[in-house]
Structures are given as structure tokens and as C-alpha cells.
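Following: one structure in C-alpha cells, then a few remarks.
Chain nomenclature is as follows: A, B, C and D, assigned in order of appearance, with residue numbering initiated at 1 for each chain independently.
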Amino acid sequence: MKQVQQVAVKIWGACQRGYKAMARIDGRTKLGMIGWTLLAGFALVAGAVAQPAEPAIRPPAAAAPLDDGQWTMPAKNYASTRYSELAEITEDNVKTLQVAFTFSTGVNKGQEAAPLVVGDTIYIVTPFPNILYALDLARPGAPMKWKFEPNPEPAAQGVACCDVVNRGAAFSNGRIYFNTLDGHTIAVDAATGKPVWNTHIGNINIGETITMAPLIVKGKVLVGNSGGEMGVRGWIKALDAGDGHVMWTAYSTGPDAEVLIGPDFTPHYDMDKGKDLGVTSWPPDAWKIGGGNVWGWISYDPDLDLIFHGTGNPGPWNPDLRPGDNKWTSGIFARDPDTGNAKWFYQWTPHDLHDYDGINEQVLLDMTWQGKPRKVLVRPERNGYVYLLDRTTGEVLSAVPFGPVNSSKGVDLKTGRLIVNPEKETSTGKVVRNICPTASGLKDWQPSAFSPKTGLLYIPHNNLCMDEEGVEVNYIAGTPYVGMNVRMIAGPGGHRGAFTAWDVAAAKPAWILKENFPVWSGAVVTAGNVVFYGTMEGWFKAVSATTGKLLWQFKTSSGIIGQPITYRGPDGHQYVAILSGVGGWAGAIVSGDLDPRDATAALGFANVMKDLKDVTTPGGTLYVFRLP
Amino acid sequence: MNRCLPLLLFAMLAIAGCQREERDTRPQSALGSGKQPTPVTVLTPGGERPSPSDNKAAAFEANAFHLSQGKRLFNWFNCSGCHANGGGGMGPALMDKKWIYGGAIESIHATIRDGRPNGMPSFRDRVPDDQIWELAAFVRSLSGNVPSSAAPGRDDDMMVHPSENRLPNAATLGKSP
Amino acid sequence: MRRIWVMCGAASILPLAGCSGWQSALDPKGPAAGELAWLIWFFTALCTLVWLLVMIALIMTLIRRARPIGDPLVLDATSERHKTRIVFAALGATAVILIGLTLLSFFANRTLAVIGSDAALTIRVTGHQWWWEVRYENSQPNRILTTANEIHIPAGEPVRFILTSTDVIHSFWVPNLAGKLDLIPGHENVLDLKADKPGVYRGQCAEFCGAQHANMSTFVIAEPRPIFDAWLNDQLRPAAPPASPEAKAGHDLFLKRPCVMCHKIGGTMAGGSVAPDLTHVASRQTLAAGTLTMSRGNLAAWIADPQGIKPGAYMPVVDLNGDELNAIVAYLEGLR
Amino acid sequence: MRSDLSRLVFGTSAIVVLAILAALTWWLQRTDRVIREANNATGGIATRAISIMMANGCAGCHTITGVPGAHGLVGPRLDATLATKVYVGGVLSNNPENLIRWIRVAREINPHTAMPSTGISEQEARDIAAYLYALR
């Protein structure tokens, strides 16, 4: 159908040009032309009508099954589309959206979690102290069913970089799985709220915390650690969903045996081939404290039977202490979920200079690329590029910046290497000004959403630049290991955030919304053609998925950095939920009550958020909306 | 004689300049242990009690040498990793007027030495006691309450903020970047 | 009278005996230092010659009987021409000598600049108050070696030094091998040198950098290539595990006490980098940047009271009892 | 008058010089005797001791008369009073053999002492003991 449409477009264009010369042409030809024009016009209309029925780009069916109205994992499905097929709320009626109920979590720290909805219950996990609440949606006002308090070690707050957040829980097979800041993974019975198992996998005394949302794949709970700013060696573990024992551990640095690189490992680029690169691409011993933490998002493709996860920045930030490519940090692994064995790897940012963690979400899509059907993975990356990777091989199909980038000059598609801008290289004692994007990336963890209806990827992101100065750094286990003075400033244009709709097929933005503050919340898009996201001032916004036009907004009690979800309630109607409560790295100035006079506070983020304290205060409230 | 007097005075003044401050880089056990318990709260049943006094605190509190050593150690021991250059991050801000566990140098010393339950690690045995006093003195100076003659110098590198004793008041700071 | 002259001459030569030895610019052991030594001697000789000529001319003028002065307003053309010629000749000679010396030093600089252009080894020296951090660069990152205060180089090969600092300005000066060059925070200076023969050459910080500037020295040890390679490989090993129960106790104490806050010992949790790397500390010949020779007693003395040995140094006095002190010494002594 | 004065000056000078010479002779003889006695008592050679003490860290912890740079405050001061002390290291009675043992293997005698067993040779320890006893 698409080919027909393309031909039609060509003919239409030819006819349009032809009309101009019409006056000099005889009647018969004119008649023929009009006929062709009509035919082409008809074909165009037919194509447009047919498109939704046969979308050109869509997630693999196995990874994104038909929508049942529930929301059982933060990314909605294994393909991480954050797309709901619910269409009761539409572009037309969204303006009447109103609050159905609210719920205070009682924790005034950054609320980055996505609520879960399973059956008649909504589950929310708070930042430290990581309380898990179950609210009964079947009763008016959604009263509390139960709450589970894991009582994590308070000292863990002292080693949690960038606020004490939690990015959500996951549901599988009658249990809720979530992580606590002090390094426990806990399974809780979804019906009763009683803990089933509790496995201690992180050691706060070396700076290890866990903030990520787990992903449950084939009876395994996949969890990674945080601590890239503390010199913690990154890993991802698979825990048995039944009893919680660790089935495999894959480190992000070190010898191949510990990274789980075996004979199956077939990276696409030469730079990732070699023995024990996780050791040889580091100075002696540096890999043991080299970061590469897995604290972001994991996707899973059941057809290929591969999980995809990113690895965080190498530590310390000061690159002088770690010459080399610093494998396998700031990259992406494809692994076999049963054994953890790596299939391929691609490094977004070899020898990272600016804290470009590679942990963002990857949306799994099937599409035609340059005439060939491809299984791809779309990834708006912290270093500023939207990457399109072949997810079977790890080959980069395209990498296009989605905002102002001057720290690099593009990606060499032949070698796969990021072309670093030597003017923005940092080192000890050197002040480098105006590096874009910042350490927080053009886009940080805040997940984007993809709508197969529009073919657009909705990217909430930052528009920031920074000054950096490498300083002497000293490794002391359990204390920060950064070695960089950072001061962030607003990016070109003066607005600090943006919400970009990215045309995946054309690899260019469809529209961009400017936001005063970084858009630190996730996004969700629905079949009703509405995109929801929140701002750090506290506005919860609904915009048109096709044009980006603001359709509705609601001011919540605090800044929003959470992940919106939408679900079908027990009454059969569509609801939208969001946690409001400012914090995270961007909002630490408010949630941590930092002093704006110090430009380097919160690793430099406080400098660009000085006025946030005048706009919002800490909070922690769940808001749920519905049509009247 | 009249002409000689100022000369004599000047000479005496010049000789006074030879007086050099003793830098006690070795622990001075004679100065008291500095281990008097300092309560975190001001509330005590039984009415007012005398405030704690400690020779050791006085020797460190407004001493330029110790303050500058404290500033160096603040970076060396990664205090700056959590508290930035006073503005805070993973840990609370230190340059404001808010003291969660008390702002007396004894309290700060106790905080560094023994840690606090909500994330402050204990540096007991990891940092010699005199260095903890130096750190405590520097931390106290961050909020601009030591004599300007003793406060350590500005960070010259990225000029993240002026020297500790010349910080503008938070209220007068520009609102929007 | 004659004897006095002889004695004076002998006495004046005596200080020159100090010119040889392991820290002397006048005893060059490499092309860079040789070039400079030659310049020093040539400049000194030429200047001495000029000075002597001037003195002779002066004395002659003073001794020569004064001619009767005529009318100062009447110029004697011949005499004036003569005088002008002399002045211009002297001026010309001065110009030629100065230009010559300038050219000499210019060409010497050019020679210095190309000594290390094909250097196979690059060593990064970072100045700290008051010690030297030494990093052997390598294109293979896991063969980068970090050590302190003692610099081994292969003899007969050019070596490139990259000099920088993290605190204040220091200056790297190994007089037998090269001229001095500053270590400046945030800036990299490049110094090339070559040691012609194996030997031990002492270097010293040559820019006042604080209280212990005088005790900030280094030793450059030039060795034949095979020995150097063996040394490098040896140093790349992780630290030796403690061999005795006492050393084991010392290892545990090292990680529990303030040592761990600043020092690194490869293969352990100690990863500090603001103080010298101790992974192979006992293999070095000196302690505390050349202040003490390496021995068990000196190790103990340095740990027990660094402020007594180097007052103002950043190594603090740590409260250790006798057992603890000896355990740590036993451990460090095993780090060869 | 003048010659009287000169005679007085000359005479005084001569007496002073003679006195100095006598004192010097006495002192040298005493030193010689003391060193000889110390050498005999310990079986060491006092004159070799200074470089041994500097190389092995004695100077780092002790203040030792006559040793350049030995201003240590960690251990006791080693000076002329050493020979008259009653105990060595607080445990052994003060005699040459005990002092030599203490210098070599202090920790075998008192396991809790901070003084390390220096690991020097017997002869070196004897040389040091000779030097220390000769300080009196």
C-alpha cells in the first residue's frame, strides 16, 4: 500500500507542475491530465485511510501484545513503547479530564516511579523508604488495601547519587517485585502484601544502591545496581522469580568470564572484538572501580530471545584516571536471558568524557529501513543522538542528534565510533566551557513513548549545556568518585527542557515543545492520539500526538518527574495516573534543600535550577484522572 | 631623642613581625582531648546548662592554617563529592544557616567522627582526630562565620563561588539563571 | 708570595670538585645536559675572555701617561676618526658576540627539542606537595604503570617527560640529564632527555613550592633496556599478598586506618591517589621523596612521625600503638 | 710602661693558649679513652656508626647527639645520659650485650614495643652500641 501511495505522490506532484503549463496544452491532453490527477488523488486518500490498519513501524507483536487495559511494568510492555491502545480519552474530549482521586505517599522525595495497575489494584512504590502501597480501585476513592514497609537501611541515603528515587515495581504471576535503595530485591504477594522473598544483592558500604525498576523475563527478575558516581563496578543479575536466588551475574567491566562474554558473542564492530577488553581497555585495577552500572531500562524481544540493557558511565568522571575505551561502559548489551551470555555489544560513548551513561530506554520496533525490513531498536541516547540499531546484530543504522550537540561531531557508521570533538575534551585542571549536552545528557533516564499510529517517538528531554573542570580525585570506597566540577547552564534558546516528537522513519523531529525546566518526567501515548507528560513546575499536560498542540493541563501539588500511565478501571473507563513530587538529580535542589549559591551543587545541576525553589516545593502525591 | 622615638617604635614593630605563628602539625595532646560530648539538641531537662568549652575547638576554629588544611582535606576525603563546594548534592548544603545536627564545631566534629544515621558516614579511625577538627573548622567556616582574616581563599579554578567569607546573601542572589 | 698565589688557585679549584657527582649540571650524562654543559662552559669562557680584555684595556688606559689636553673645542680629525673606529669596532665585536651566543643557544634549543622526537617511552610526571607522581604511558591501557618518586628509564634511549602539577608550580630538574622545566597546574610541559649510560641521577624540585620544597627530590635510575623491561613488568604486578601473620595484620590495619584514605595498593581496596602509590613501595630505594633511605627502621620512623621528619608534609601523625606500627611496617616491607 | 703592657698581654695570651691546649689534650685523650672503652665493651667500632644509624632509621625516631638530622621525637633521646641509664627499653638492665640485642631485635624482647626489630647485622649493632656508649 505504501508503494502505491509513493507512486501516487509522484504523479500528483507531476500534475501540479503540469497545471502551470496548462494554458499552452490542447484539450485532449488536458482531459487526460485531469483524469490522472483524479486517479492520483484517489490513491492518496486511499493510502491515508489504509495507513492505520497497516502501520509501517510497529513493535514486534510478541514483545507488545494486545492491550488488556492493565499496566504491569513501567515500560508497559517488553518493547518499551509506553503506548496504550485505550482510546476513550481522545484529542477532543481530553480537555474535560478531571481528578478521580489522589493519594499522598507521605514521602517528600523525588517520585520517579510508574504506578502499576493489575486487575482492580493500583500499586505504587515510593522513594526511600521504599514503601509499597496497594490501593483498591474497585471502591470509591481507592482506599488502601495494604502497605508494605521494607524498612531499608537509612544510611543508604548517604550513598545514593542524585536523590533517593525508585523507578518503579514490576508485576508478574501474582507478585510485585521491587528494589530498595539499600540493595534488596523483594517479592511481595500482590494480593496480601506479604513478602515472599527478600534477597540482599547490593552493598552500601562500597556505595552500591539500587534505584531501577526490575524486569521479569521468563521467570527471572532482572536487576542492576547504581553507583557510577561512587566507583562501584556495574552488574546486572537475574534472580529466580520463585525463590529469589541469584541465577547469573554479568558485570560491566572485568574479564570476559565475569562479563559473561563467551563464544556466542558477536559484536558488529571491530572496536568491540578482542579478549578481555573489560580489563585491557582500562589502566590496571581501574576496572574494579570503573562504574558501568545498570540502573536504567531493560527491554526484551521474545522472538530473538534477547534482553537489551544499557551500561552506565565509567568512573570517575575525570577521564585522566582511565585512559582507554573503558569497556563495557556507556554501551548496550544484548544478552540471553537464560544464561546472561552476551550476544552483542555496542558502545555509545567509548572513553566517556562527560558522564554520558548509556542506560536509557530502548524501544523495540519492526520497520523498513532503506527498503529492507529490519528488526530495530530506537534509542534516544544521553550523548544527544537518536540511534537506530539493528537489534539482531548491534549494527548502527542511523544516529542523528535530536538537540544541540557539540561534544561530538557525529557517529562514524563504518566503525561505529562516536566522533569526539577535541575542543570539548576534559582533563585535570582544565576548564572547558559550554559543553552540550550536559552530564545529565540531552536526555537522561526519563523514558520516551512510541505510538505506532503516528510513527513518532515522544522524547522528554533537557536542553542544557555545561562548564566542566577536571579536579584531583581520590578513591575511598563508599565515597563519591567523580573528580569533576560541573556547572550547568541553559542550552541554546534559553529554555531548559523540551518535548520532542521524533519521526522514526525520517529520522528528524516532527515537532518540538519548549519547556522552561528540563522535562524530567516520562511520557505515555494512547490510541486516542494524546500524549501525557509532566513538568517540573507541576503541570501535568496532555498534547496532541500529531501536532503537539496543548490540549489540557492540570497543576499538581509539586513538580512532576514521574512516569504517567493509563489504564482501564474496574468501571470500564480509561484513567490516567501520575505521581507528583519533585526531586531526582534535576530537582535535588528542592528535595535536598541545596544552596543555589554554589554553582557546583548537585554535580552542577543546582546552578541551572536556581529558580526551581521559588516555583515548587517537595511533595509526593498520586493523581488519577478520568473523563467526567 | 624625639626623632629617635618613632624610629625605635618602628624597629620594635619590625621585630614584632619576626613573631611566627607556630603550626602544630603534630597532635597536641596537652590541648585536651576534644572528646567532650556535645548534645545535638539545645533542650535539656533541668534548666540551662553551661555551654561546652574546649581548648581544642578554640585552637582550630579561627586558625587560618587549620582552616586551609581543612579545605584541602574536604576535597581529598571526597566530602566535596556529596556536599559539593558547600551547596550540597547527595548530602545536605553546608553553606546555609541550617544545621541538622548542630552548628557548633564540637557537633560538626562529632558528625564527621561518628557519622549520622541518615547517610553521613563515620570517619572514626579513618581520619586522625586533628584532621577531623580541621575539617569541622572548615565546614563551619563555609557559612561565613569566621573572621575574614582566617577564612580560606576563593577557589580560583572555575570560580564556583567567592571565598567563604565573601558570599552574597542567598536572598540577594539572582533568581533566574 | 708565590706560595699564596698557588694556594689561592688551588682553593678556587676546590669548589669545582663539587661539580661532578649525581646531581650536577657540569657533569653531563646525556645529550640534553651535555648540550647545556657545553653552553655553560662556552659562555663562561667567552665572557671571561671578554672581561679579561676589557680589564686589560682599562688597566692600560690607566697606566698610560696622560697626554696633554689640547683645546677641547678643537677637534683633531685624525684622532676623532681613530676613536670612532675603536668605538665602532668594540660595538661590532659586542654585537657579533651577542648574536653568536644567541645563535648558539638557539641551536642548542633546537638540539634539545629533537632529542625525544622518536621517544618510545613517555613518562608523565605530576608534581604534588611534596612528592612526584610518575606514570608510564602506554597505548595499551592495562600496561600503564603509576608509581612515585623514583623514575626508571632505559639507558641510551630518548625518553619524553610530560610534566604537570595538581597544586602549585614545581620544577623538574635532574641536572645530570637535562635542564629544569616547570610543572604547572592545568598545563603540560614536555621535556625530552636521554641518559647515555646506566646510573643513578638525583633530581630536585627547583621551584619553591612550600614547606617541604627542599625535601622534594627524585631519583632517575637509568638501566639497560632488558633490566628496565623486567622492572616495568615487575611493577605491573598487583601488590604481593602479606606473607606473615604480622604482615596480614598490617594489611588489615592499612585498610582500616587512615592509610586507606590517601594511598593506593594495587589489588586491594586501597585506591587513594592523593599520596604516593605504595603497591611496590619497598622496591624503591628511598622514602618520602628521597628524604630517607628505604629500610625497616626508616619506614617505621616515617609512619610513626612524618611531621618530625618532614614538618608540614601532608602525611599526618596517626595514633598507632607499637604492635600496629610494626604490623604495618611488616606489610609495607613485603611490598617489593 | 709599654713593654710592661706587652709583657702582660703576651703572658696572659700564653697562659690562655696553654690552657686551651691542655684542655684540648685532655678532651682528646678522654674521647679516645671513652671510645676505646666503648669499643672494647661492645666489640664495635664507634666511628662507623653514624652512617648505619642514618640508613636504618634510628635518626628518624631518636634525637641522637652527633648524628646529622637526628631530631626524632618518637623514641627516647640518645645522649650522654644513656650510659648511666638503668634500663634499656624499659625492660632490660643496661649493659652492652643487652643494648646490642635491643638494637637488633627489640620486638623479641618486648613484643609490644613500637621500636622495630631493625634487621641489621650483629656487627652493625655493636658499632651503634659503641657509638652510643661513647657519647658520655
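The criterion applied here is as follows: a contact is a pair of C-beta atoms (placed from the backbone, for glycine too) under 8 Å apart; a residue touches a chain by one contact, two chains touch by 3 or more.
Quick caveat: nothing in here was measured; it's all calculated off a predicted structure.
Per the definition of touch at the top, where is the C-beta contact count highest among chain pairs?
Comparing chain pairs, contacts are most numerous for A-B.
Counting only C-alpha atoms to place each centre, which chain is farthest from chain B?
It is D whose centre lies farthest from that of chain B.
Between chain C and chain D, what distance separates the C-alpha centroids? Give it in angstrom.
Here chain C and chain D have centroids separated by 36 Å.
Could you give the separation in Å between the centres of chain B and chain D, each centre being the mean of its C-alpha atoms?
Centre-to-centre distance between chain B and chain D: 46 Å.
Between chain A and chain C, what's the gap in Å when you average each chain's C-alpha atoms?
The mean C-alpha positions of chain A and chain C differ by 54 Å.
Quick one: which residues in chain D touch 2 or more of the other chains?
As it turns out, chain D has residues touching two or more other chains at 73.
Can you list the residues of chain C that touch 2 or more other chains?
260-262, 274, 305, 308
Any chance you could list the residues of chain A touching two or more other chains?
In chain A, the residues touching two or more other chains are 429, 472, 474, 476.
With chains as vertices and touches as edges, which is it: line, ring, star, complete or other?
The chain contacts form none of line, ring, star or complete graph.
Judged by the touch rule stated earlier, which pairs of chains are there in contact?
In this structure, the chains touch in these pairs: A-B, A-C, B-C, C-D.
Over in the complex, which chain A residues touch chain B? Could you list them?
154-162, 229, 429, 431, 467, 469, 471-472, 474, 476, 478-482, 485, 487, 489-490, 588, 592-603, 606-608, 610-611, 614
Residue numbers of chain B touching chain A in their complex, please.
Within the complex, chain B touches chain A at residues 75-78, 80-82, 84-96, 98, 115, 117-121, 157-158, 160-161, 167-168, 170, 173-177.
In the complex formed with chain C, which residues of chain D make contact?
Touching chain C from chain D are residues 54-61, 71-74, 107, 111-119.
Enumerate the contact residues on chain C facing chain B in the complex.
Those in contact with chain B are residues 256-258, 260-262, 274, 305, 307-308, 311-312, 314, 316-319.
If we count contacts the way the header does, which residues on chain C are in touch with chain A in the complex?
Contacts found on chain C: 137, 140-146, 164, 166, 185-187, 236, 238, 260-262, 264, 266-267, 269, 271-274.
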